[in-house]
Structures are given as structure tokens and as C-alpha cells.
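Think of it as A, B and C in the order they're written, each chain with its own count starting at 1.
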Amino acid sequence: MKRTVKRVLELIVILMILSFFTFLLMYLAPGDPAEKRLVSQGVVVTKEVLDAERERLGLMKPFFIRYGEWLFGVCRGDFGVSFKDDMPVGPKLLAGLANTLQLAGASMLLSLLISIPLSIVAAFRKNSIADHIIKLFAFLGNSLPNFLISVILMYFFCIHTKLFPIIATGSLQGLLLPALSLSIPISGRFLRQMRQEFLMQISQDYITGMCNRGVKRRYIVGNVLYNSTAHVLNIVALQVGSLMTGSVVIETIFRWPGIGKLVMDSITARDYPVIMGFVLVMGTVYVVINQLVDVCMGCLDPRIRMESEGHHDKA
Amino acid sequence: MLEIKHLSAGYEGEQTLHDINLTMQPGEILCIVGESGSGKSSLIRAITGYKGLQVTEGSICFGGQELMRGKRACANGVMGREIGLIPQNPEGSFNPIRTFEKQFREMFASHGMSMEEAQIEGAFETVGLQDYKRILKSRPYEMSGGMNQRIAIAAAMLLSPKLLICDEATSALDVTTAQLVMDELLQMRRDLGTGILMVTHNLGIAKHMADRIAIMYQGELVEIGPCQDVIDHPQHAYTKQLLESAPRMSA
Amino acid sequence: MTKRKQLLIRIIICATVAGLIVLATMFASFLAPNDPYATSAAAIRQTPSAQYPFGTDNLGRCIFSRVLYGGRTTIGATFLLVAISFVVGTLIGMLCGYFGGIADRLLMRIADVALAFPQMVIAIAVAGILGGGIFGAMLALGITMWISFARLARSHTYSMKNQSYISAAILAGKSNWYIITRHIFPNLLAPLLTNGLTQIGVTMVGISGLSFLGIGVTPPTAEWGAMINEARAYIQLSPWAVFFPGLAIAVTIIVFNELGDLVMDYREM
């Protein structure tokens, strides 16, 4: 119970720092927001118009009051209005996030479907030809930048063979190629780390014991998977960041209407409230996922649970 | 039943077994005696198909089937029902975070057997464990090393293999439990005709159990023969030395 | 013993290839057959030929020359950024680990918090707001990059500080400066350089990724990521305009990653 409270407090502090950093970033951004806003709307900038705009945007108030007002708004889901079209930022972010989650979820699923069976094969047949091929794939996937992979995939599947549409619309067919581009580098990292983890499990005494009792291969695989669940979860959590970055790149290339494409469009348009919202939303999702995984890790492996409870008793 | 011919094997760069020849009849008890580093454990690893050990020459046949060349014995379905093993340190041989019940179930299922609680209860009793129900519900990491050892020994016996290999298995047990296990092994031989290959450095146990004794020294099988013959008329210099250094039995 | 030697040979081969790539881009001005920025309306999207070994792009610029010059941008920025992070991170980590105290706790807390955020997401926002330019991109990536060096340097310094030979040096009346430069820094160098090596691939992906998104270098500066981004618009007309910068970036990253892996393995043996 105490631990839960501590975790929640920690989470709040980190999110406060994130919000402060985001606000500071915009505050320090070169140029005058009021002027930028007017320019991005195509208004002719004069001194009077500029001052009126500044007053209206609350730019004349001191820094901390502005931060407080902004934070208060954000907590109620009010991320301000977009410079570009005066529409509220919140719904824009939400719509983008929903699409991004679709893409990210599909990619994560695909990555797991690729990497778990392959890393099992690689680990159980260490140093076989299959293992070497899988290792090579992992190395390439890990090394090649995702934008290069998606451009190559796009060339072969959309332009060369015309199997898929170039612009990913909401359809399942449109989702496949972006998801694949996003999942190749992530699978590369998964394969590497999961193979390592499974090899570690295989080298344990209990596997030798099971072999000696003649336990069937499928049960042995089951035991290995069971024992590595906590670590696999951690491996997955480590890639959430690259999933987010990747989605910005992939969404831009395939014009997937997610939050990543939204932010790139907003960067081009200098639409600061949207960029702020993006950092805040992605940061929050990232931090929350990581905290959740930490908690789950403890629940999954009874030994970790025992250790941490032991720590808690001492503390 | 077991036939080893011209077996040479070793670990990376180091030869630990030289030209071993050995046959065992069904229901025979053979004790292999030797000091540490004599190659006893390597021999067992060669039979059970341990991954790290590389067989360079020779063959091992079990019931007419060859168990060889890198292919693990467990991979071709020999381990468990045909050959059972009680390893040197059996306490780690169960998955530490799953219940014994699940693991026993998987073990029996692997051999197409059904899990019968009465049998488990009996096997647990022979290794001095009461309250089998509570044990089945618990996980290895919650138990002491000694408990885990006994459960592993019981598990190997439950499969009633044709050949049971014991690698110094009783050395870690207390005297009374060790005695129980020995008696049970003899009982298994009597009832089921189980052959037993025992590795020990304890001449007393060898004398008590064995039909034949084999002496290993520096990776070679230097002497093999009926129990009494080897003890009364040792041929090899090392055997003589071994017998002299052993504390005199109350003959 | 033989395995160690094999590994060493592979490291030498890998390092040689890496060195050749770096040299080729450093001497781009000597090796490039054409001016990378000279546009030519007469030579738009030409296939590879003797005059243009990798063909030309949409503006008739020589892709081979642009790949060489682009490598100078990508590799140069990467090396500079890793070097700066190395120096800053090591200095901070070493001083924190050696002196401890409030500054140490504060800085390490900052490092923890900074690592709690998605680094590339922040980098995209920062680079986007700074509005392009290679230095904006480097700053955006550098915000978090020093941390890995600082943490490594701190933990090594901290464990070294408690060893007897450091205590002996302190008792012998050596100055802190002397101990840090003579005892601590030389022992830190190997793990830190290994870390630096593994950071090169990641940084290169970061810089070219930001440039690809249009928030790294400003056009018409040649840079691999930016070149791929420009050329993907007309990839069906001239795939070589994407292929060659793509190949360059792939090979370079693979070589540096492999080198990092090999050196790590070597040090662990």
C-alpha cells in the first residue's frame, strides 16, 4: 500500500517536471508567439495588432502565472487553441492519438509475433543455420534506420509491385505496411534481447533436470516462456520509446493521420500549442507505461515480488 | 542392456574419457568408483547426452538403440522412462517458480502416464517426505535445498526407468534418508528388474549395493569385475592404493 | 586464446573499414568528381554513368559527390556530438563520483528524470522548435546523450574511490586533481570509449532521422537522411537517388555498430 502511494507520488512529480519542461521549451522558443500566430494566419503585423494579440493571449503576465494557468487548463483537458485554425488542440491530439495507438498496437503485435517464435528457435537451436540467419536479421533490423526501411518497403510493395496503397488510409491493408516498417527495427531489438534471455533460461539447472526426466520439448518451451515473462515484458517496455519515435517517422512517410504526423505538420506551421500538447501526451503515455510495467514485473515473478517485499519490510 | 564401446569424449580442448568399454545386463547393479576428476561424471554425461560434452570416438548403445553423436538422449525420448538420472546436485532440477504439481503433471504427460496421487505419496515416503499434498502445491524456491533434492530423487524413481543412474546422489542426504533410498533402489531392482549404475567414491556403499564394481582412474576404466573379486584381489595398482586408503570395513 | 585473436582480427578489419569511410568523407572535396551543389537542368535524374557514378537527382546534382559531402555532414555531426557528450558527461560523472555530496545527488536525480522521458520525442520537439539547422538537431540529441557517459563515469569513479590504492594516494597527500587525472581518468577511459563507440550508430540514426523529417540540416546542405527524404518523392523515376544514400547510411551504421559490438565482446572476454 505504502509502495503504491510512493509510486503515484513519484509519477506526479515526474509529470510535473515534464509539464514544466514543455512550458519552458515554448517560453524559450525563438521569436514571439503572438507574432508567429499572426504570421501563420496570414495577418499583416502592425504594432497595434501585435499588442492586442499579446494581451489576448495573456503573454503580458509573469511566467509562473502563465504556467499555472496553462497547467490548470491542461489538467481539465484544455490544451489551448491551435495557432493555425483556432480549433481546440485537445480533440486534435485525441484523434491523432487514437490513430497512433492503432498503428503502434498493430506494430507491437506484429513485432511480438515475429520475434517470440524466432527467438525461441534461435535459442533452442543455438549456432544452427537458423540461429545465424535470425541473428543476421536481428542485426540488420537493429542497425537500419526505420525511415530507410519504410522507403525501401514502399518502393517494393507500393510502387514496384503495387500490392499496397501508397497513402495509408484507415483500411487494414493500408495499416499493414506502416506497421511492418515500424516493427522491423523493433523486432530486431526484441530478437536480440529475447534470444539472450531465453538462452539464459535454457542454461539453468531446471532445464537439464527436465531433459533428464524426459519432459517433452513443448513443455520445456512452455517453462522457458513462463519464467521469462517478466523479462520479456521489460524488453517490450524498453522499446516503447522507439515505437513513439518510429511512429512519427512512419506516419509522415505513409501519411497516417496519427499524432506523429500532426506534430510534424505543426512544426512546419509553427503551431506551438499542438507541439506542446504532443510532448505532454507522449511523455505522459511513456512515463505511465513504464511505471505500469515496473509494477507488473513485480507481480509476475514471485521471486521478484518476494525480494521487493523484503526490501519494503526493511525500509 | 547398456553397451559402451571405445568411448572417448571430453570438453573443449580437454579429453576426459579414454577408450571406455563397458556392458551392463538388465537388473544389474554396477558401481563406478574413482576419485574426483577420474571421469565418472563425464561418463554419465556421455550416456545422458549432456550438451557441453563432445564424444570424439566410440558408441553407446541402450537396448539396441544407439545414443550418440551430439544428439541428446532426451531428444530421442530415452531419458525418463528408459534411463533415469539422479544427478549430483538434484536440488535445482525443478523450475523454481512453478508448483511441483504442474511439473509432475507435465512429466507424466510427457511419458503418456497418468498422475496418480497414491504413487506420488509412496515415492515421497521412501525419501522421507510427509504431507505430499502440501508439497505438490508449493514451488521449489519456497523449499529448502534438501527437500528439493528428495523430491527430485522421488521423481526419477516414479518413472521406474529400466536403468537408473545415480551420480553421488546420496552423498548429500542424511544417513537415515540415504539408507531409505538405498533400500528402495534394491527394492526396485527386485520388483521391476531395474538396472542401477551408481557413481560413488564411497567403497562402503559400493560393497553394500553392487554386483560388479568398476574402477576409474584418470579417464580410464582400469578395472572391472564382480564386487568381491575386485575388493579381494585388486589387479591394478590404483585399486590397491584405493583399497588401502579406504577405512577398513568390519569384514 | 585463439578466440580472442580471431576477435581482434575482426576488430581490426572493422576498424579499417570504418576508418576508410571516415577518410573518404573527410577528403570529400578531393574525391568528389563534381560540385555537390551545382544544379544542372541538362542532367536531371540521370542514371549512373562514368561522369555521375551514382547518377543525378531531381535538380541534376551529382549523387556520388553529394553522398561524400553528405557523409561529412552526418559523420562529422555524429562525431562532434558524441565527443562533446563524452567530455561533458565524463567530467560531470567523474566529479560527482569523486566528490559526492549534494551536487552529486542533484545531478544524478536530473539524469534519472531525464531518462524517464522518451528521448527522441523530446528531441523532435526541440529540434522542431529550434527550426532546423544541424546545430539545433545536435542540441536536441545532446540534451540526453551526456547522461549515459555521466552515469558510467560516476559509477566507475565511485567504486574506484573506495579502493585501497586511491585511499593510499589520498593519505600520501596527493591533490585531488592529481588523483583524478593520474588514477581515475586512465581507468575510466576504456569503458567510456566503448560506450562512445556504441553511441555512434544511435546518434547517426538520430541525426539523419531528424534531417529526414526536415528538422535537421537545412536544404540544400547534403546529408544522407535529407537526401533520402528529398529523393523519395520521385523514387519511381530514379530509385538510385534513394538507393545510394540509403546504402551509404546502412553500411556506415552497420560497420560502426559491429565495431561497437566486437569491442564490447572483446572487453568482456
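Here is the rule we go by: contacts are C-beta pairs under 8 Å (C-beta built on N, C-alpha and C of every residue); 3 or more make two chains touch, one makes a residue touch a chain.
Since this is a predicted model, take the numbers as computed values, not measurements.
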Central chain (by mean CA position): A
Most distant chain from subunit C by Cα centroid: B
Inter-chain centre distance, subunit A versus subunit B - centres from mean C-alpha coordinates, in Å: 53
Intercentroid distance (Cα basis), subunit C paired with subunit A, Å: 23
Distance from the mean Cα position of subunit C to that of subunit B, given in whole angstrom: 57
Residues of subunit B that touch subunit A when the two form their complex: 48, 50, 72, 74-75, 77-81, 84-85, 87, 89-90, 92-98, 106-107, 109-111, 139-141, 152, 155-156, 159
For the subunit A and subunit C complex, residues of the former touching the latter: 14, 17-18, 21-22, 25-26, 29-30, 139-140, 142-148, 151-152, 154-155, 159, 240-242, 244-245, 248-249, 252-253, 263-264, 267-268, 270, 272, 275, 278-279, 282-283, 286-287, 290
Subunit B contact footprint on subunit A (complex, rising order): 204-206, 208-217, 219, 222-223, 226-227, 301-303
Sites on subunit C touched by subunit A in the complex: 113, 116-122, 124-126, 128-131, 201, 205, 208-209, 212-215, 225, 228-229, 232, 235-236, 239, 242, 246, 249-250, 253-254, 257-258
